[in-house]
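Input: a single structure, listed below in structure tokens.
Labels for the chains are A, B, C and D, by order of writing; each one numbers its residues from 1.
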Amino acid sequence: MIKVGIIGATGYAGGELVRLLMQHPGAEIKWYGSRSYVDQKYADVYRNFFEIVEDKCLDDNIEKMAEEVDVIFTATPQGYLGGILTEEILSKVKVIDLSADYRIKDVATYEKWYGIEHKSPQLIEQAVYGLCEINREKIKTTRLLANPGCYTTCSILSAYPLVKEGIIDPNTIIVDAKSGTSGAGRGAKVPNLYCEVNENVKAYGVLSHRHTPEIEEQLGYAHDGKPVTIIFTPHLIPMNRGILVTAYASLAKKVTADEVRAAYNKYYAGEKFVRVLEDGVCPETKWVEGSNYVDVNFKIDERTNRVVMMGALDNVVKGAAGQAVQNMNLMFGLPEAQGLELVPMFP
Amino acid sequence: MIKVGIIGATGYAGGELVRLLMQHPGAEIKWYGSRSYVDQKYADVYRNFFEIVEDKCLDDNIEKMAEEVDVIFTATPQGYLGGILTEEILSKVKVIDLSADYRIKDVATYEKWYGIEHKSPQLIEQAVYGLCEINREKIKTTRLLANPGCYTTCSILSAYPLVKEGIIDPNTIIVDAKSGTSGAGRGAKVPNLYCEVNENVKAYGVLSHRHTPEIEEQLGYAHDGKPVTIIFTPHLIPMNRGILVTAYASLAKKVTADEVRAAYNKYYAGEKFVRVLEDGVCPETKWVEGSNYVDVNFKIDERTNRVVMMGALDNVVKGAAGQAVQNMNLMFGLPEAQGLELVPMFP
Amino acid sequence: MIKVGIIGATGYAGGELVRLLMQHPGAEIKWYGSRSYVDQKYADVYRNFFEIVEDKCLDDNIEKMAEEVDVIFTATPQGYLGGILTEEILSKVKVIDLSADYRIKDVATYEKWYGIEHKSPQLIEQAVYGLCEINREKIKTTRLLANPGCYTTCSILSAYPLVKEGIIDPNTIIVDAKSGTSGAGRGAKVPNLYCEVNENVKAYGVLSHRHTPEIEEQLGYAHDGKPVTIIFTPHLIPMNRGILVTAYASLAKKVTADEVRAAYNKYYAGEKFVRVLEDGVCPETKWVEGSNYVDVNFKIDERTNRVVMMGALDNVVKGAAGQAVQNMNLMFGLPEAQGLELVPMFP
Amino acid sequence: MIKVGIIGATGYAGGELVRLLMQHPGAEIKWYGSRSYVDQKYADVYRNFFEIVEDKCLDDNIEKMAEEVDVIFTATPQGYLGGILTEEILSKVKVIDLSADYRIKDVATYEKWYGIEHKSPQLIEQAVYGLCEINREKIKTTRLLANPGCYTTCSILSAYPLVKEGIIDPNTIIVDAKSGTSGAGRGAKVPNLYCEVNENVKAYGVLSHRHTPEIEEQLGYAHDGKPVTIIFTPHLIPMNRGILVTAYASLAKKVTADEVRAAYNKYYAGEKFVRVLEDGVCPETKWVEGSNYVDVNFKIDERTNRVVMMGALDNVVKGAAGQAVQNMNLMFGLPEAQGLELVPMFP
């Protein structure tokens, strides 16, 4: 039984980690770390866990936690883990970081987009980017796992096969993404109030959203390591969960729909959690809600020689906690889908 | 042209006052009072007013304001106006208070339910409770108007004719009310976040909500001045605007549906803003959205000798700003419906 | 492995049965019965099941189905099963009926409230009302299970201990219930369109809703078999899932909060799926979403000598498919919670 | 007083026409035309009009209507007006068509994208495309007005100045649009049910949506009459009203943000209903809800040499009924904004 500690257990991603791990046969949460709710019952913070979780919240002492658990999940603000993680901690415990601190290899890029100094750049190199479908083998052996962002998981998986196969010119990619509001976190801010989000839709972080360089770096690897520059525009949607990506790119060569489909199947046919939809079916976030699936599909536009790529996932599951558990499974040699065989909930 | 000042112009009720007064031919806002946004453009706080309101927010100096305007609307937290209002201010300006400070005649009752000390009890007596359909004549001459609460307006208007006519026993009344989230205000609190309210419904303030004594006092007046005790239970609904009241009471005498309908018509047939729906039609909040209407109807239960009374209004309009403007019209001798001929918006 | 057939697999309750049974280790769906989608892939009707369910929809031939499966779930319109069920079918297969056809023992009452003739009244007597927490032993041995309604499950469980213990006068009960829109089914009707339901709340079926006699009958059994008459008012809420019941009744004797709590605990302390919340905590539908839990609590009103009883459940799970699976488990001697250990999903 | 007839008065756009015209001082509805609700009270179809509209629905006899009114609004399915409109009717009455029948000059293009035969192609030439801000002068003198589509109004107004001024290459335009559900109409269809739309987002009509050629034709006029080919992708959002457009295009020349802003101001500075937002402010649909405003803004991406153009409007107002009334005002010589000085409603 894997002993688990969570730092940031009382945010939305933390809460979802608890939901998934409570249903996981091979893991056991030993430490519900929190800054704001120390000594309060965890089930008083999230009452869905009433009579399911009896533990109280503990503090977020990572050194002590490292002595007591096998793996630490950090669902914390950007910069937090970067400021406290050490080689010594990593020598005792595996770390799965849901923040962005170790996702980007180039420190300068991280510091520019995040506007903060990276306090432990020496640890970045060993971190493995935890997009399971692409980095599976490296994930199995790492002790420091950088769990991908929600938008990035959806964006990369939607475009990856076409970049990898040279079907599209990656420097023409435009990602127009739509996200439910849980992605904004549980912080008490006016723009996230019900009455501000409901009956409303808006773009935000236009041309400056921090997931941009993360998408670019990963698609760059798929593009033979050459740099990739894209446009990424996130939008806030009045719903709790779900991300939909609609991405556009110019075709780099003449292809048929069958050839494009073959490219998706080449990479995803054996992937349980990536579903390439049937011809003509557009992904909908509702069809993956509560599950670890990503649904993808595409359509070729002969009028403009472009392709429209589409992807949908649940931002709290495959976009955060679910993928983190999938990574844990890989890192500990468990069946990759263990605890994640969740059927999407509809309606 | 009536010169208007608003204290608390940047809350939801304040914003709605601005929306209504911008469309009012006889009033002009001279002072957008705020605590948090002084010197900021009002249209930067509520961007719906971009290119419509050019003014900046001013402070909330009521004494200065009293020199410059004809009427002050206060859309402020409970206790605020009670702490600053004076005879001198009232000698210079009319005041329409959207808070509860002068609604309840008995200071002890106010202090018990609100848990705060009333700092100007000597002013309570002269305040007129601004439920236009019931207190119209008194409203016309007052200088201190206590604008009714949102739940109370809907609850009282749904039950008033049947209490007044002795058709129901008012001490058996149970009001089960459902409100949209704008009633919770624009404060940044976790329970009002989108993800907490959406896809959720709950009761709150059970048996302790502050609108209870206000409903009881007003229905008491209708009950020949005898005390009335009721149950009032509010619920939070995932929508922006609207209150629906479903109220239950035992019949005090044998009546037919026609007699009950006649009672409603006796009080409301001439009332523009109270619509007694046709037989069998249940009020829906959507049918009054954005307007100053209250829709009411009823159904007699012969099995239990009770009547079900129903009412719907827009909590920000007839439940707050709209009724305040209606009161202003009465207090200044304008046509009562001026600026309020708003057709409900659907969908 | 229990072989399962579903008639009405393509409605919302049918879809939820599929979701739950796909995660159930002891059952296997052999027949996805449908009227409208025969020969279409089930996953084309509900795309959440893409790559999870490969079967096609079959017709709704109950006789043929009875030869091939161990249990038939019927998630069909009222009157449908009553018109086709026979002793012969019941001799071959167990039937769990999610419609109301066998819930009410008195045929005249059924026919009056449902407005249809009952075609197989001779089968009613043997049917067991499947409220697991109350009828567990009878459920274990029946072959015809009347699965309770969504509103009724929530209403009865909220009030049952207090009726049973003589704490309240059941003839004073008023149930004010609020339901998400999935309860209205997947039929294409204007009142269920997004724009009609969203940003709206209304009562419907006032004093005539069909769940009324079902609640009355069951509470009558708890009331020493004496008849009970209540008021039941359902409301439509802009959310997908969830029912909240707020019920009111007069106290039949002087009790303390501790005594009332003891009554709830007497019946529910050992019940996994009924959670008696802590003092002062009101049930919220969001805290049970996607799970088989019912959360209940209460508050005594000394001012009016009444008690407010509250309950919340997911109408598609504990209010329909989840309770049906719980009943199946009981009827087949499986652990009662098998396949139902679903942690509620938040947000 | 302009006498108005409406064909299709009981759809959502028809309902909004009624709302706006009831508040219009210079127009009077004489004919509420309907196919489904003949002889029923209009206020029984849309109960927001209870005690506001007393008329009953009449049939949709356009010839008779042409004798009795000054202007006919048609809010009807595609192809309907095309099949019944004649020169004779146009000789008696002005027609404002909210369908697409006369928007596209090239019949073949219309027939290809709409998949129906155009029955009155001889009338297309005289029709004026009613985008007031661009075609104002022509609108004033036409008797056949093709009212623009909701997506098209938002898309064109967002990009028009930059195309007209040669700042962007119009053949690189990608329009990613998000719409509330009222745009789908009031037809009873499963995909528009509350539970299907709520908590969900999806693209639809990918690369085949009928508003594509309409946008292309109008932007072609701005592009010196040269053909323009774009990508247009609509998405369905869980909200009632509002369209948000996020459009992308390559810059055709080196420009500063100030120069781009100057281009917007050149065309919109004097336009009441187009608000060019301040630098850095992204349009939100909520800020225009219920009003005739379009909010636009842009951001230059130096990394990719592209510009992101954004626009928001209320699809039922500026995207349909509001623009139709604005056109009516122009066609009858009334002040253009009469009856349209609606302050957006928030929240």
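We take it that contacts are C-beta pairs under 8 Å (C-beta built on N, C-alpha and C of every residue); 3 or more make two chains touch, one makes a residue touch a chain.
Everything numeric here is computed off the predicted structure, so don't read it as measured data.
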Query raised in the report: Would you say A-B or A-C is joined by more C-beta pairs in contact?
Result: A-C
Query raised in the report: Using C-alpha centroids, which chain lies at the maximum separation from subunit C?
Result: D
Query raised in the report: Can you give the whole-Å distance between the Cα centres of subunit A and subunit B?
Result: 46
**Report entry** For subunit A paired with subunit C, centre-to-centre distance based on mean C-alpha positions, whole Å
**Finding:** 37
Query raised in the report: Multi-chain contacts in subunit A: which residues touch at least two other chains?
Result: 12, 182, 195-196, 198-199, 238-241, 284, 286, 289, 347
Query raised in the report: Contact residues on subunit C for subunit D in the complex?
Result: 12, 181-182, 186, 188-190, 192-199, 238-240
Report task. Would you mind writing out the residues of subunit D in touch with subunit B in their complex? Result -> 12, 15, 19, 22-23, 46-52, 182, 199, 240-241, 275, 277, 281, 284, 286-291, 295, 316, 341-347
Query raised in the report: So in the complex, which bits of subunit A are touching subunit D?
Result: 171, 174, 176, 178, 180, 195-196, 198-204, 206-207, 229-231, 233, 235, 237-242, 244, 246, 248, 282-286, 289, 299, 301, 303-304, 306, 308, 310, 312, 347
